[in-house]
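Chain naming follows the written order as A, B, C and D, and within any one chain the residues start at number 1.
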Amino acid sequence: MHVLALDIGGTKIAAAVLDDDNVILRKWRVPSSQDPADIDRIIARMYRRAAEEFADIEAIGLSVCGNVPLGRRSIEFAPNIAAWTNYPLSDNVEALIGGACPVVVENDANCAGWGEYVKGAGRGSRNMVLLTVGTGLGGAIIINGELYRGSFGMAGEIGHTPMVPDGDTCGCGLRGCTERYISGNALERFTRSAVRRWPDKSGLLMELCDGDLTKLTGERIAQALEQGDELAHYGFGKIGEWLGRAMAATTAVLDPDLYVIGGGVVAVGDALLEPARYNYRRFLEAGAYRGLARIVPAEAGQDAGLIGAADLARR
Amino acid sequence: MHVLALDIGGTKIAAAVLDDDNVILRKWRVPSSQDPADIDRIIARMYRRAAEEFADIEAIGLSVCGNVPLGRRSIEFAPNIAAWTNYPLSDNVEALIGGACPVVVENDANCAGWGEYVKGAGRGSRNMVLLTVGTGLGGAIIINGELYRGSFGMAGEIGHTPMVPDGDTCGCGLRGCTERYISGNALERFTRSAVRRWPDKSGLLMELCDGDLTKLTGERIAQALEQGDELAHYGFGKIGEWLGRAMAATTAVLDPDLYVIGGGVVAVGDALLEPARYNYRRFLEAGAYRGLARIVPAEAGQDAGLIGAADLARR
Amino acid sequence: MHVLALDIGGTKIAAAVLDDDNVILRKWRVPSSQDPADIDRIIARMYRRAAEEFADIEAIGLSVCGNVPLGRRSIEFAPNIAAWTNYPLSDNVEALIGGACPVVVENDANCAGWGEYVKGAGRGSRNMVLLTVGTGLGGAIIINGELYRGSFGMAGEIGHTPMVPDGDTCGCGLRGCTERYISGNALERFTRSAVRRWPDKSGLLMELCDGDLTKLTGERIAQALEQGDELAHYGFGKIGEWLGRAMAATTAVLDPDLYVIGGGVVAVGDALLEPARYNYRRFLEAGAYRGLARIVPAEAGQDAGLIGAADLARR
Amino acid sequence: MHVLALDIGGTKIAAAVLDDDNVILRKWRVPSSQDPADIDRIIARMYRRAAEEFADIEAIGLSVCGNVPLGRRSIEFAPNIAAWTNYPLSDNVEALIGGACPVVVENDANCAGWGEYVKGAGRGSRNMVLLTVGTGLGGAIIINGELYRGSFGMAGEIGHTPMVPDGDTCGCGLRGCTERYISGNALERFTRSAVRRWPDKSGLLMELCDGDLTKLTGERIAQALEQGDELAHYGFGKIGEWLGRAMAATTAVLDPDLYVIGGGVVAVGDALLEPARYNYRRFLEAGAYRGLARIVPAEAGQDAGLIGAADLARR
C-alpha cells in the first residue's frame, strides 16, 4: 500500500508517494497559492496524478504550517495563509477526490519530528524532542514512542515558550519567546549587533553583503563562518547558547533522552552544537547528577516532513 | 487487597492502609529520622503493625522527597536527607520484612499528582499538571491518563524551569528558577518588599509579626489577607502572577487541559487564583484562539500523597 | 540683543528669533533636506532673512538630532541624516554668513531640556532630568543649574540605558534599551499585544484603525483612551510603568529633584503619569526614607528646543 | 593646618591626621561600637589624642557607611548601626569637644571616591565614577572636578541600580540590584554555581574550603585563581562581565572619562578587568564611534577613605 504525502508551504507544495517502509518512490514540486480553494484543487490534482501510477493509495497525509485541532481534519489558523482559518481541509479534498481515501492533516513541525523519529536521528529513542531552527523555531514531542499533541493539538510550541520576561517582541504578540533568540532571524540580529560593535572585524561580512547590513542573511553568515570569521562565530554561538538554555528549560518539564536539531543552520555543526551542549549542561538543574539527553543533528533532512506526514496518515 | 502507603518527610512519617478503591482505612503518624537505616526500620515496623490488622497487604508504596530513578526502587539523592544518595530503599525494606510484599518508591510530587488524578481534582482529565506551592514548587505530569516520569525519572521538575535569565539565586545553584517566584518563600519575599516600600500600609503585618519582618511567615500573611490587608494582597498577587506565567510556559510545551494547584497557599482562593488565571491568559501564545486549560485548586489535600503512593504501588 | 535659533529635523526646519528674555519674537518653518550643503545654505538664508528685521543678532543656535562633540561646532553622526558624519556645521555656516556671528550646535534633547529648565517646568530646580517620549526616548541632564554634557558630549542618553538583559532589540544594535519600552513605538507594541490577547475588548481600537493593526498609531490610541478604552489604558499604563522604572534607575545614579516628561504622549496626563509615579516609588531603593523627585509634564512644549538652543548659544 | 579623619565601621574605627597636602602623618585603629553615644565619645577621645600632638586641627572629617543628608552633619540611616537613624552626629561630637572645630560627616563611598580623585587613580580626570566592589557595591561620582551628591545626598548609589527586572533579591528589598551581581557575595555565588555544575573541576576549590562550600570566601577563590583554577576564573569573569554591563549603563547617563575600580577583588587584575572592559564596550551604545572611558584599578587603597574625608572636611 502507498501513501501520498504533501508538504504545503506558502510558496510551493512538495509531494511524494511513499511505500509501507516510508521509502519515497516519486517526488514532485508545484507552486502553492494563497487561495484555500486553489490549494484544495492542487491537492486533488496531485492525488489523481499519483493514483495514475500507484493504484493502491490508501491515504493522503498533509503537512501544514498552522494549528491543527485534534481531529486532524481542519486548520484553526495558519500564520502564512490568512484564509486558512477554521478551514475544513480534509472534508474539501475528500469531496474533490470522491472520497477515494482518507485525508489526514498534521502540523508541519509534528510531521518533521515524526519523520525524524521513524526514519532519522530519532530512531530508538523513547522520549524525544525535535527543534527546527528556521525562520522561527518549530518543535515536536515524542512521548513513549508516540507523537504527543496535547489536549488541544498545540503541544510542542517550544518556539513560543517565554524565555526572557519583557524580552524581544515576537510576531505572536508576546515578548521573549524562544524563537526570538533561536532562529535564522535571531542569527541575523546577533550578527548585525556584532558588526556594529566591532566594525574593525566586520570586513568579510560587509563584503559578503555588499556593505548593506540588511542583506546579511543566514546563508552569508554561514559562508563567513566557513572562512573562520570571528563575528559569524559569535552569531552562531549566541543562538547556540540560547538553544542550550531552551533545551535545559524543556528538560525540566519533559526530561527526554534525545534532542534532534533540525533546520538549515544545523549544517554548520559544532559552531552551533558545542555552545548548545555546553549551555544545556550549564542551565540544567542537577546537571552533574542526572541522565543527560543526547543532542544530535537531524538526519532525514527536507524529506522528514513528507515521511512523517505519510506515516502519521497511515495510523 | 490492601496497600500500605507511607509519606516520608524529614521530620515525620505519615502512614495509611488503603483499600482497592483508594479509601484510607487507617492512618498513623510517627517521627522520622535523618538516619536511612532508622527509616528502613520504621517502615518495616509500620508494615508489621499494619499487617497485624490487615492480612492481605499486597504492596508498600513510599512517597519520598527526592529523585527516584525509573526502576522505582532507590533514591538518587534527596535534598533533606543527605545520606539518601544512591540508596537502595526497596531492597533494604524488603529484606527487613522478609520479602512479604513488593516495595515501590516514588517521588512525592508525583504521588501527590497521581493522588489528585485518581481521587481529587484531576478526575476525568486527560493531560494534567499538578503544581504544589510549598516551601518550593513541586510538579507532576499526567499524560494520556498515566503518570509521566521522563527518560530519567526527572520529568515534571517545573519548580526548576528557568523563568528569569540572571534571576533570583536558587538553592539548586541556578538562577531564576520558577520556585524562586512561586513558593511560600517567594510569598514572604514579595510581601517583605512591599512592607519596605509602603511602611505606612504595613501596620497589620508588622503587628502580626511583632515588628520583626523575619517572622513574617506565609501563615501570617494569609491571616492579614483575611482581614483585607493590601500588602498581603500584593504578596499573593505576585506569586499568583508568576504562577500564571509558569503555566503559560508549561502550556507551550505540554498543552494540558488541566492545572491542579496544591499546597497550603491555595486555601486563600481567588487572591492567588485570579492573578494566576489572568496571567496564564496574558502570557499564552494565541491565548484568544485556542483551547484553554482549567485551573483549579487541589481537592485530595494532604492525603493526595498517600493515595497516589498506594495507587502507584498497585500498578 | 537677539539670537536666531533653528531646530533642524529630517523633514522640516523651525526657526525663531528670541530676545534676551528668551521670548520668541518671530517664528518660521521651511522644508529640510537630506543634503548637508543644502542645510548649510538654508540656515544662512534664514539668518539673512532674520538679520533684515533684527539688526543685532548676536548668535545662531542650532538644535540637531545627533551626537555633538564638546566643542559644540560639529556633528559626529546623526541617525536621520546619513551624510552628517563628522560634519563641520558651524564652520560651514559661519563661512556662508561671512562670520557675522558665532554658530553654536547642540543636541536636540539637550536643547529641549535646557528650554524647560530656563523657561518651562524646570524653573527653580537644581538637578533635573528631562525625558522626552517621542519616536524614541530622549534625555537631558541639568546638574547644579547647568547643562551636563559628559566627557564626550554623550551624557543623558537615557533612552539607551539597558533595562532588560537580552531584551527587545533596539535600532542601535543593543538589546533592552529603555526606549524600546518607553516611546510611541513601544506604546503601539504594548497596545497591539493587548488587542491580540483580548480581541473581545478591541472593538474601538480596531474601528479607529480600520481593522488594520499596522495603522494603530499613538494618536489613535490616545483617541481611544479619551473614550475610556480599556486596552488603550493598558498600553499607556505599560509605558508609564517602564517610565517609572527608568526614573528609579536614573535616580540611583543622579538623585535629581525633578523629572520633566516631554513628548506628545504626556498630553494624556494621569494615564501615563500615575503608573510612572507609582513605579518610580516601587523600584526606588529606600523609597520610603528619602527625598523624592517631583515628576511633572513639560510646559514649554514644542518651543522648548528653540528656547534652549537660543539660550545655550548665548552662553 | 591639619585635619583629623576617621573611618567609622561597624567593628573598628580608623583614624588619621593629615596635613594640607593630604599626607597621612599619624594613623590609629580602635574598636568600634554599636552604641551611637559610645561612638560619639570615641571620636571625641581621638580628637583630644590628636590635638595633643597637632595643635592646629582645623576640622574633623567622618567617613560613615550610611545615608548622609546634604548638610553633612547627620546620618539618616545606616545599614550596619541600627541606632544611627536621623542621628545628629556633628552636633553631638562638637558638643563633646567644646566646639573646638567643625565636624563634617560624609558617606564612605563618597570619601573613597574623593580620595581616589585627589590623590589616587582619579587625578586629572574631569568626570569620574568610583565603583568599590566589596561586600556590596559602593559608588561615588565626580562631576567637573567636584563630588556630586545629588539633590538629597543619595547620588552614586550605583550598587542599587536595577540591572535585571525580577532579578536576584537584594537586602534593600528590590530585585536585580547591581550589587547582587558585582560584589564579593556575588563572586561566591557565581563560583558555587560553577562547582555544582562541574564538580569534576572543583578539586582545588573544595580543598581550599575543606569540602564545605559555605566556607568558599572571596579570598579562597582568589587563591585558587592564582593557581590557575578554571572555576575561580569563571567566578571572577562573571562579576567582571556584570561590572562591564554596569559601567555601560552608567555611561549612558553620565558619559564619564574614567572609572576607578576599588575593593579587594581588584587585586586579581585582568581576571576581573578584562571581562569588565570587554563587556563595557559590548553593551555600550555606539561603542565603536564614541570616546571611551578608561577603566583602571584604584590606587589610594584603604587610605582613600581617610584622605577623602580629610579633604572634604577642609572644603
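What we mean here is this: contacts are C-beta pairs under 8 Å (C-beta built on N, C-alpha and C of every residue); 3 or more make two chains touch, one makes a residue touch a chain.
Keep in mind that what you see is a predicted model, and the values were worked out from it rather than measured.
Asker: Decide which interface, B-C or A-C, involves more C-beta pairs in contact, and give its chain pair.
Answerer: A-C
Asker: Look at all chain centres (mean of CA atoms) and spot the one farthest from the centre of chain A.
Answerer: D
Asker: Between chain C and chain D, tell me the centre distance in angstrom, where each centre is the average of that chain's C-alpha atoms.
Answerer: Comparing mean C-alpha positions, chain D is 35 Å from chain C.
Asker: I'd like the Å distance between the centres of chain B and chain C, where a centre is the mean of that chain's Cα atoms.
Answerer: Each chain's C-alpha centroid was found; their separation is 52 Å.
Asker: Determine the centre-to-centre distance between chain A and chain C, using the mean Cα coordinates as centres, and give it in whole Å.
Answerer: 44
Asker: Mind pulling the chain D residues that touch 2 or more other chains?
Answerer: 164-166, 172, 174, 196-197
Asker: Enumerate the contact residues on chain C facing chain D in the complex.
Answerer: These residues of chain C touch chain D: 67, 76-77, 126-127, 139, 141, 143, 148-158, 160-165, 172, 174, 177, 245, 248-257, 283, 285-286, 289-291, 293.
Asker: Inside the complex, what are the residues of chain D that reach chain A?
Answerer: 165-166, 196-200, 281-282, 287-288
Asker: Show which residues of chain A lie in contact with chain C when the two form their complex.
Answerer: Touch list, chain A to chain C: 164-169, 172-176, 181, 189, 192-193, 196-197.
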